[in-house]
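When the chains are written out, they are named A, B, C and D in that same order, and each has its own residue count from 1.
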Amino acid sequence: MRTGIWLMGARGSVAVTATVGLLALQARLTDTTGCVTELPALRSPALPSFGDLVLGGHDIVATPVLKKAEALAAAGVVPARLVAALTDRLTAHEESVRPLPLGEQPRVAEGIAADLVAFRSQHELDLVVVVNVTTTEPIFAKSDASLGSFPASSLAAYAAFSAGCPFVDFTPSTGARLPTLESFARSQGVVYAGNDGKTGETLVKSVLAPMFAMRNLRVRSWSGLNLLGGGDGANLADPAANAAKVASKQRVLGDALGYEPSGTSRIDYVEEIGDFKTAWDLVTFAGFLGTGMRLEVTWHGCDSALAAPLVLDLARLTAAAHRAGRVGPLPQLGFFFKDPLGTGPAALGEQWTELVAFAAGLSDVEGP
Amino acid sequence: MRTGIWLMGARGSVAVTATVGLLALQARLTDTTGCVTELPALRSPALPSFGDLVLGGHDIVATPVLKKAEALAAAGVVPARLVAALTDRLTAHEESVRPLPLGEQPRVAEGIAADLVAFRSQHELDLVVVVNVTTTEPIFAKSDASLGSFPASSLAAYAAFSAGCPFVDFTPSTGARLPTLESFARSQGVVYAGNDGKTGETLVKSVLAPMFAMRNLRVRSWSGLNLLGGGDGANLADPAANAAKVASKQRVLGDALGYEPSGTSRIDYVEEIGDFKTAWDLVTFAGFLGTGMRLEVTWHGCDSALAAPLVLDLARLTAAAHRAGRVGPLPQLGFFFKDPLGTGPAALGEQWTELVAFAAGLSDVEGP
Amino acid sequence: MRTGIWLMGARGSVAVTATVGLLALQARLTDTTGCVTELPALRSPALPSFGDLVLGGHDIVATPVLKKAEALAAAGVVPARLVAALTDRLTAHEESVRPLPLGEQPRVAEGIAADLVAFRSQHELDLVVVVNVTTTEPIFAKSDASLGSFPASSLAAYAAFSAGCPFVDFTPSTGARLPTLESFARSQGVVYAGNDGKTGETLVKSVLAPMFAMRNLRVRSWSGLNLLGGGDGANLADPAANAAKVASKQRVLGDALGYEPSGTSRIDYVEEIGDFKTAWDLVTFAGFLGTGMRLEVTWHGCDSALAAPLVLDLARLTAAAHRAGRVGPLPQLGFFFKDPLGTGPAALGEQWTELVAFAAGLSDVEGP
Amino acid sequence: MRTGIWLMGARGSVAVTATVGLLALQARLTDTTGCVTELPALRSPALPSFGDLVLGGHDIVATPVLKKAEALAAAGVVPARLVAALTDRLTAHEESVRPLPLGEQPRVAEGIAADLVAFRSQHELDLVVVVNVTTTEPIFAKSDASLGSFPASSLAAYAAFSAGCPFVDFTPSTGARLPTLESFARSQGVVYAGNDGKTGETLVKSVLAPMFAMRNLRVRSWSGLNLLGGGDGANLADPAANAAKVASKQRVLGDALGYEPSGTSRIDYVEEIGDFKTAWDLVTFAGFLGTGMRLEVTWHGCDSALAAPLVLDLARLTAAAHRAGRVGPLPQLGFFFKDPLGTGPAALGEQWTELVAFAAGLSDVEGP
C-alpha cells in the first residue's frame, strides 16, 4: 500500500507545511492534531498509514523546500525545531520535486504524466495521488474547453488521469470540473475530489449558517473581510483570482440557509499581515417578532497549518477510494471543501456524517 | 387538541414575550421566525397548532402583563406596534395569571395543582403543560430532597405532576431532576423536559466546539464574558445563582470536545446594558504541528426574544409526546437545552437529528 | 443674536435628527449630550444659545420632515416620544424648508441666495449659517472650476457667500475648497469650515493613531470595513462617492503617524444594516524588538445621532467667528472634521486644545 | 553620565526583555521602536544614552537570565536570533544579578543598599536608578507603616533612598507611596516615580475615555476582561493581587470622564494563553437624544515587549531629573503609569504634553 502524493505547487506554503508535517509524523516528532483521518470515527485499515506515504511534486519556482521551510518557521507557521530536526529528510525530499514542464499543452501534459510514472516506478508505489495546491487561477468560464485550451489546473487533472492517478483539487480553480475531464476520469477508472479546501472563515460559516437555519432565525446580512499576506494573499490581490475565491466563499450561505442574505465577503491582500489570516464576519439576523440581533466572528488562523493536514487526509481517502474501486467524482468528501463537487449538504455536521459513512464503506470493501 | 401552557413566572420577560408572540401569531400579526417547530423538518399534525394554545400562569410579582409588555417594547424586545394592537388580548390574558400560592410546601403544591385543574377546566383544555421560566435558583445540592424541603422549581414540578401535567424547565434550577420526582412523574404517567434553554453563547458553543472536534483541532482555552442587564441579569449578580448558570454553560465544551479546555465563562450584571446581552468568547486552539490560532465571537442577542419561541416549541412538543403515550424524561429534546436530561449528544447537529426523529415518531403514533 | 441655520439637504437623516434635537432642546425635552459646545471648556457668551437658533433649508426631495422624523424614530435613531411631543413644531418647521431651485447654475445660485435673504428677513435673523448635509458627491478634480461648472456643493457655498452667509461643509464634497471660492469668501467678508464630519471610525482613529505615535509603536497595517445601510449608505454604493469618502477616512493615519501604513478602509452598503453603522478595524503593529501585536476595534454607532449635535455646534461656532470679525477658512475647527481645512494637527487631543483656544478667543472679542 | 539600572525582579519577563533589548541596542542589532524617549519631541542631551546604561538587579529566583531569555524567545516575546547573538553578553550580565538578601527588614534593607553601592562602585557609575518590576503585591492598606512592617516594594524603595538612588515603581504595589518614604526621599535628595506601567488595555482607555469626554458622549458602561498567562498572570490568579491590579485599571475612567460608568475590568489567568495578553472591552454610551451606541476593543499585546522599553525610558528620565536637581515624587511622568503619583491629567494627550515640557525643562538645566 505504498502511496505517493504528488503536489502541484510543491514549493508553496501549503505543500511545504504538509511536507514538514508528514516527515515529522514519520519521524515521530509530532502528533496528529489537525489530521481528520486520525479521529476514531474515521480511522480505517483501508487508509494508507503515514509511513506508507511518499511525497513528490512539480513547481515553477526553484526555491529549495528546505529554505521555504525555514521561512515558514521564521513566520511561526511550523516550529523551527522541527525544521532543524528534519534538515536531512527535507534535503532528500528535494530530489522528488521537479520543475513543471513547459511548452504546448499536449507536451506539458505528457511531461507531467511521465514524471508521475517515473515517480511511481522509482519509489515502487502502488498508486500516486495528485493534489493541486498551486495558487488560485482567475475564473474560467468555458465549459467546453479541451486539450490546448485548458487552464493549468485542468491540464494537471488531465495529466493525472492520463497516468492513472486520482486527482484532488484543493484550490478554487477549474481543475477536473469540465465535462470532458469527468468522462476522461471515468474512462481511465480514476477518482477525483475538490474544490477549494475549507480552512477558515468558510469552515466557521459551515457550522454557523446551519445553526441559524435550525433555529429558524432569519439571517439578514452576512458580510466579511479577509485580510491576509503571504503567497496566496498576493495572488488574490489580482481581481480575477479574488472573484473566483469570493464566489466560492459565499456559496455555503445560500446552500445552508436556503436563501441568499445581503452582504459580501471581501479578501484584501495586506503583505504585513503575513501567513496568519484575520477574517472578520458580521451577521445581522432577526428572531421572534422581528427583533434584530447580531453576531461577530474574528478568525485568526494560519491557512497553511490548517490546510496541510487536510492535504494528507484527502490523499489517504482518495487513495483508499481508488483502491476500493470507486470511479469519477467523490462528492462524499464535501466535508473538506468550500465548493464541493455534486449536490451534497452544506452543513458541516451533515458532511461529517456522510464522510464517516463513506470511510466506513471503504473499509468494508477492504475486508477479507 | 386545545392545549394550555402554564407559565411559572408569567410576568417575567421571557413569559411576556412568549405571550405577546403567541397572541400576535393567533391574530396573524407576525410570522413564525424563531419557532423551530415550524421548520419543514418538524412540522407535524401531532403538534397542537398555535390557535389551539391557551396561556396562563403564576407569578409572585403583580405588575400587569400589559405594562410589562410596554416596557419590553420600550426596550426594543418586542415591537411597540404589536403591543398596541394586542392591548385588548393582553388585558384579557391578565385573568389567567394568578398569584403564586404561599405557605407550607404541601399547601403551596396543592394550591398550584388546584389552579392548574381550574385552568384546564375553565378553558376546556385537553392538557396543560407547565413551563418554568422563573429566575435562576442557587445551586441545590441535596438529591434526597422530598416534599417540605424542595427548592421552588422542584415544588412546581411536583405540583404539575400531581395535576397530571407535563413539566418543562427552561431554567438551570433543579426542577424535576430529583430521583423522587422522576419516580413520581412515571407513576403519574407524565413527561418532563429540561434544563436551561440554550439561547445565546451556549448555542454558538454547541456548533463551534463540534467544529473543532471534527477537524481534530485542539482547543487550549475557551473563555467568555457575558454582560447583561434586565431582570435575569440582576438575579445573576447573586453569586449562588451565577454559579448555577456558569456550570450549565461550560458543560457543553467537555461533552463536545471530550476534554475540558482551560478558561471559564463569566456572567456580569451591568444594568445599563439592558435586555440585549453581549457575550464575548475567546478560543485559543492548536492546529497541525502545534501552531497556535484563535477565534473570537461576540454575540449580541436578546435573550427573551430568543427564548420565547422555544417556550412555545417545547410546550407543543411536550404536549404531543404526552399524547403519544411517552412517560418520564424526554432526553430527545436536548436540542433546546444547555444542560439536557440524559446522556445525549452535545453537538447541535446531532441533537437536531435526534429531534427530527423524535418529532417524526410522535407523528407516526398520531396516524390513523 | 437670533441666528439661522440653513440646511442643504434639510429632509435627510442628519438634518432631521438635528431638527428634532434642536426643537427638543428648545422645548426642554432632552439634555445636551453630544453637544460639544456645551462642555465647560467651550461654553461661551459669544455663542448663540439654542433658543436663538432658527432652522430652515433646501432639499430636492419632498418627504415631509415629520414623516422622516417618524421613520427615524422607527429605526431607533431618535426617540418616538420626542417626535410625538414635537409634532406641532415639526409641522411648523416644514414651512421653512423649500425645494432646491433648478436650472442653469447662475440662476440656481440666485435662487438659493434669494431664499437665504428671505429666510433672514422673515425671521428677523442677525445672521444665517449655511450647512451642507447633502449626500456625498463623486470626487471632483478640477481646481479651476467657476460658476457654470461648479459641483453642487460648491454652488451652494457660492450662493451662501453671495448672500453674506458663512458656510459649513459637513460632507467630503468639494464645497468651498476651490481657489476662486476662497477669494470670494474673503471679498464677501464671510467665514467657512469643513470638511466631512468626523463621527465614527475616523474619530476613533484620531485618538488611536496618536496613541501609537506617542508610544513609538510602529503601525504596520490598518484595515477597516464600514458596513452601513440608510440613505448615506446607498449613495456610497456608488464607486465615485465611495472613493471620495475613503480618501477622506485614511488621511488621518498619515497625518498622525508620519507615514502611511498598509491597508485600506472599505465602505460597503448593506441595506439591512440600517442607520446603525458597524465599522471594524484591524491594526497590526510592532513593538520593542519588532514583536508583532494587534488591536481590533468594532464601532457600532448611529451616524445621524453623532452628526446632528455637531451640526448645531458648528453653526454656533461659525456664527460666533463671523461676528468676531473672522474671514475666510476656519482651520481651528479641525476637531470636527475628517479632512480639515488647512494644515492643523490630526490628533484629536491637539485639535481639542486648538478648539478651546479658538472659542476662548471669540469670547474675548465679545467682551465689553 | 554612566548610569546604572538596578532591576528588582531581574530574572522576570519584563526585566529580561529589557535586558535583551538594551544589549541589542548597544550592539546595534535592533532599532528603538517602543522607546518613547527616542521620539524627536523627547530626545535630549540630558538623557543618558543607551551606551551609558549598565544593568544589574536582585531576584529571589535563580533561573539564569540566558535561560529565561531563551524561554521568552520560544514564546515569541523576543526574537530568537537576538538571544543567540547576545549569548555572551547575557552570560556576562549574569554576574550583576544577585540573590535578594533575606532576613529581618532592617538587615534586608542594608543588604540591598550595600549591593547598590557595590554595583555603583564596581561599574564606576555616576548614579543607579532602582526599578521595581517584581510581581504585584496584594493591596497594602496601612499608610503608617515603618521599617519592620513595610511591604517588600516599600522596603526596596527605602533601601534605594538609603543608598541615594532614585526609585521607579513599574508595579501597582505600594512602593514609595507611604508618607514616611516621601519624607525620606526628600531628606535623601532623591526622586521617585510610579505606579503601574500603562502597557495595554489601560493605555487604550487613556485615549478612548477622553474621546468620549471631548465629544460630550455619555459612557453608560465600560466592562473588560483580560486573559493572560505567563508569570504575571499566575500571580494575578491570587485574589488580593488581582484586586490591586483591577483598582489601578479602573481609575483612569473616573479621572478622564468625571464620573464612574458601570462595569468592571476583570483579569483571568489562563495559562494556555501565554505571554500575549488578550483584553476585550465593551463600552456602551449614549449620544444626542439618548441614542445608545457601543464600542468593542480587543487588544492582543505582549506585556513584556510593551513594558521593557518603558523601563529604559523611565530610568533615563529619572536619572536626568535627579541630575537636574529634582527631589521627591515626579508626577510629570504620569504618561507612563496607570495610577500616577499626584493629581495630573488622565488623558494620554495631556500627559504627553506635560512629559514633553518636563523633558525640555531637564535639558535647559543641562545647558551650559
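Just so it is clear, a residue touches a chain if its C-beta (ideal position, glycine included) is under 8 Å from a C-beta of that chain, and two chains touch if they have at least 3 such contacts.
What you see is a predicted model; the values in this text were computed from it and never measured.
More C-beta pairs in contact connect the chains of A-C than those of the other pair, out of B-C and A-C.
Here subunit A and subunit B face each other with the same set of residues for the most part; over half of the interface numbers are shared between them. Computed centre separation for the pair subunit A/subunit B is 42 angstrom, with centres defined by C-alpha atoms. Rounded to a whole number, the gap between the C-alpha centres of subunit A and subunit C is 50 angstrom.
The set of subunit C residues that touch two or more partner chains comprises 76, 294, 296, 298. Against subunit A, the residues of subunit B that register as touching in their complex are 17, 20-21, 24, 30, 32-36, 38-39, 76-79, 82, 203-204, 206-208, 210-211, 214-218, 276, 286-291, 293-302, 305-306, 308-309, 335, 347-350, 352.
By the touch criterion given at the top, residues 76, 80, 296, 298 of subunit B touch subunit C in their complex. Across the interface of their complex, subunit C is touched by residues 220-221, 223, 225, 227, 261-264, 266, 268, 270-273, 278, 280, 282, 284, 294, 296, 298 of subunit A.
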